Amino acid sequence: MTQHIATLWAKRPTPRGLAVDSPARPVFLALGLMLVVGWLLFTIDGGQFFSQANIVGIQQRSAALGIVAVGQTLAILAGSLDLSVAFLISLSSLIAAETMAEYGVLAGIGATLVVSAVVGLVNGLVITRLKVHAFIATLGVALIIKGVLESRYDGPAGHVPESFQRIGFDRIGPVPVSALLWLAIAVAAWFLLSRTTLGYRIFAVGGDPEVARLSGVRTDRVIVTTHVLCSLAAGAAGLLLAARLGAGAPTVGTDGGYDLESVAAVVLGGTALAGGRGGVAGTVGGVLLLAVLDSSFNQLEINSFAKDVVRGVVLVAALAVYARRRYAR
Amino acid sequence: MGRMLRMTGIGKSFPGARVLSDVDLDVAAGEVHALIGENGAGKSTLMKILAGVHRPDEGTIELQGKAVEFGHPIDARRAGVSIIYQELTLLPERTVAENVFLGREPARRGLVDREAMEKATALLMDELGEFSFGPRDLVARLSVAQQQVVEIVKALSVDARIVVMDEPTAALAEHEVELLYRLVRQLSERGIAVLYISHRLREIFELADRVTVLKDGAKVATVPIDQLTTADLVRMMVGRDVTDYYPARATREAGDVLLKVSGGGNDRLDGIDLELRAGEIVGVAGLQGAGRTELAKALFGAEPFSRGEMTPKRPRSVQEGIAAGFGLVTEDRKSEGLALHQSVRDNALLVARTRGQRSGAKVLDLLKRVRLAPPSPEKEVRLLSGGNQQKVVLAKWLTVAPKVLLFDEPTRGVDVGAKASIHELVRELAEDGMAVLMISSELPELIGMSDRIVVLRDGRIAGHLPANPSEEAVMHLAAGS
Amino acid sequence: MRRNLPIFGVLTVLLVAIAIANPYFLEPQGFLAFVKRAAPLAILAAGQYFVIVSGEFDLSVGSLVTAEVVIAARLVDGDPGATWPVIALLLAFGALVGAVNGLVTTLLRVPSFIVTLGMLLILSGAVSLWTDGSPRGALSEQFRQFGRGTIGPVPWSALILGAVVAYVVWLMRADFGRTLVATGDNQTAAALSGVRVHRVKTIAFVLSGLSAAVCAILLGGFAGVSAQVGQGLEFQVITAVVLGGVVLGGGRGSVAAAIAGAFTLQALFTLLNLHGISGALEFTVQGLILIVAVALGTLQPSWRPRRRKPPALTS
């Protein structure tokens, strides 16, 4: 019998992560290709793609979107969606900056995360208890936050202490602290998804809520938890942006388009919009792909608006490729 | 062998219909117990009561001598009842091990012990036999047979005492069936009670120790299998002279040939030769997976033939099929036949493409013609009974006056009264000059309605039978015994 | 049909409340001014209705409206003679964008949420690229008439809205409407009944694109030319349609109710303004109402157990 088990193990069909058939593979192929293209473009243009400045720039640009997108990945994997992240980011930046100015950095971080968690809780409860479609529920919550923002603020507010601002700009060697923060959050989410029972249940609920329920998974609790985590990620992104700006800003989230762009990064990374399939690795790849694209456009000094056009085309083309792969299988 | 399960005096009604009354069932540990009966006999309701999906109105369930009550499928599972449904309940995007341990992953402080999980899965698989897949394979990549293995491993992993299998061979190829037999025997050797639901009498003689026959929601008998012949079983299941219940046969000679296929085939069918004439009802018999629905869909153009000759011209799409004069009453009207939230009128007009076909007066006429009672065109279809829903589907096709109507299980989920009226309607349509092809898993219906019968097996035509054959004759051809 | 009653009831209550706060509203002028303000969103809601009832999303309409206005300003450039050709061009462009959305969704099987999100990015980027960030040119006086002018006492936009409503109601009563809703309800059953579901869905997207073009023509005249004119409209219009009781996922809800949803939203804004609630908090109220309305809709006794999605038909 041991012999037979040995042969079973020897087959080792699909190690997880970036395996051959991982949904994240195409995005990393595309990322590799994009790096080569970017390097070529820079070289032709007389620039240096792998210069420290450019590398740092790419990471800086990615960090905030990356953090939100990691949270969004959890929500989408569970078969949900969060459209409230952009306004929540703005709100978080303001709460962080105002609280820090009054009560210090730790209080600011604490207050921001508590408010974010509450928003996530509301999202989750509206979806599970009131049975409102996630699209509508989180859109409604987004509008509620928007109203609060517009009635209470008409410009930047609060002040972030120097010590905290360093999170936004400091770096260790070529690696900015913000990118490390992103990495840490991504690794935590990866760990959550691949090693914990909660992670397993997120996949189950997103894959087929009925099957999950019949297997004894408390589906509502899973959905609420993922929404809390998603909102916490948005809160963290708000903290980071507040550190960058030195203050809170009521439009920092929407200007960055973090709601739809985070969804775009997630699906670009091979995670199915309907849930149950995908992962954080792909999302990281998707965010980096968008950032490398940006940096190439910057170098070529192409009008920055063109990047939106290319993003749209890349997004739709990528999803068309994924759809073909699914049907070919 | 100790007694594993005892169900006593089980009764269950749904609004408008009594589906089970006073059913007793008892199953010993290590026994393979077959549960058979025609469609609508109450097998699946009984199974769902055991699974905790439905609560019985009357009666008690005892497991290993202890009375139990299941309020939720989880309760039943925890008590050791595992159900393997026809529609497998696995997550395709997760691995075998992840599926086996879904909802009960071995974990310490929230951290899944993946290695233990995969090892346990491998061990269980190993006990069952050698398989060409492992605990880390994605379920999406497994065949239906392999997925059944995963379901069985799942049952073993929860230490199930009773495993219920609902038509497990329906989607299996011949060599896979052998594997399943082996697995069932292994389960019984471990002292697990297997409740085996199947239409295929051959399997029952192969596997079962005892068989319980249900008819019209009541138990006919529980008998050791070695005291029975096939003929006995069929008689117990049917238990009446079926022809009495059906409308009189064709009064006139079959008319012009409306459909002719020779050598029709695609990836599910091969060598189909078939002729349909105006005014006749041709029954299609066959076991599940024999290609009956595929035949109807091929003729209709939904899953077209890729080879062979056909008159009228082989339709390559549904639109071509409709234009050529075909109509298809699908097997599952809720998922394939009706838009449930729309009105009767809107559903009835779904096929109609020209203004003439759509005129309001005509819809009312059609609703009356199909005997929809009451003929209220504004009512949402989901609020109708199964029989009335089926009449709406019929009305939908009558708007375009098809020449050939293909019925796939015309009376599935239809109560007895409506059944008779649908049977009359089908005969009436044939009398009016349509050619009717009727697929049915209910042998009495098939035999009672058909002017002749075509039997399918493994995607091919296994034989032709004249009007009013014996059930045994149909079964023999269908099962190939 | 009973499903529609709540939204019309809510709308009536809001209109009465407005009339109490501001009696001018009861005079024809006052009421017509309200209709004029509501018309662009109502037309857009009619278009979005087709897409949602067929089971899809169209997120691209906001940036499409912006694109149309910017294109109009640039091409008309104050020349009255260019008005009609440009209007024809705008309609054609809207239809084209809708057709692309629809074809990519149906033929390439990309979720429409993503397709139209991509289109949103493409359009907003392309418009900014073309105009270098700030729109140039100006609309002709003749062009602006549609958004703010009147014929006698009746605003042009009210007439256009009337024509659109008449057209879409007719469309929904025709064969197209029935097949569209059936497709959204049960795509497999529709396909097996001979409905060309890809074509029907693509037409729905085209209608949505056309509605964005008409909306842009009105908004350009009413609000003037800016690069922000369509911002956030996609969510506002989906809010309106859902408020009208149309169910995301398709198959349920009427076009009249969707349009009523748009009027309700506009009435809500008007009322909030009348009561001195600043433009800002109106979003909060909008969000709350959206959630409450949908929650009430789904928690009604007609709640049905979740049905597994019927398998998509290969075509």
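So that you can tell them apart, the chains are marked A, B and C in the order they are listed, and the count of residues begins at 1 in each.
Operating definition for what follows: a contact is a pair of C-beta atoms (placed from the backbone, for glycine too) under 8 Å apart; a residue touches a chain by one contact, two chains touch by 3 or more.
In this text, all values refer to a predicted model and were calculated from it rather than measured experimentally.
Student: From the centre of chain C, which chain's CA centre is farthest?
Tutor: Taking each chain's C-alpha mean as its centre, the farthest from chain C is B.
Student: Please work out which of A-C and A-B is bridged by more C-beta pairs in contact, and write that pair.
Tutor: A-C
Student: Where the centres are mean C-alpha positions, what is the separation of chain A from chain B, in Å?
Tutor: Centre separation, chain A to chain B: 45 Å.
Student: What is the distance in Å between the mean C-alpha positions of chain A and chain C?
Tutor: From the centre of chain A to the centre of chain C is 30 Å.
Student: Chain A: which residues touch two or more other chains?
Tutor: If we look for residues of chain A contacting two or more partner chains, we find 210.
Student: For chain C, give me the residues that contact two or more of the other chains.
Tutor: Touching at least two other chains: none.
Student: Quick one: in the complex, what on chain A touches chain C?
Tutor: 83, 126, 130-133, 135-137, 139-151, 209-210, 260, 263-264, 267, 273-274, 303, 305-313, 315-316, 319-320, 323-324, 327
Student: Which stretch or stretches of chain A touch chain B in the complex?
Tutor: 1, 4-5, 8-9, 11-15, 21, 195-201, 203-204, 207-208, 210-212, 214-217, 276-277, 329
Student: Please give the residue numbers of chain B that touch chain A in the complex, ascending.
Tutor: Residue list for chain B touching chain A: 73-74, 77, 89-95, 98, 102-105, 107, 110-112, 114, 122-123, 125-126, 130, 133-138, 140.
Student: For the complex, which residues does chain C have touching chain A?
Tutor: Contacts found on chain C: 57, 59, 104, 108-111, 113-115, 117-129, 132-133, 235, 238-239, 242, 248-249, 278-288, 290-291, 294-295, 298-299, 303, 306, 308.
Student: Name, in rising order, each residue of chain B that touches chain C in their complex.
Tutor: Per the touch definition, chain B meets chain C at residues 300, 302, 318-319, 321-322, 328, 330, 334-342, 346-347, 349-353, 358, 378, 382, 396.
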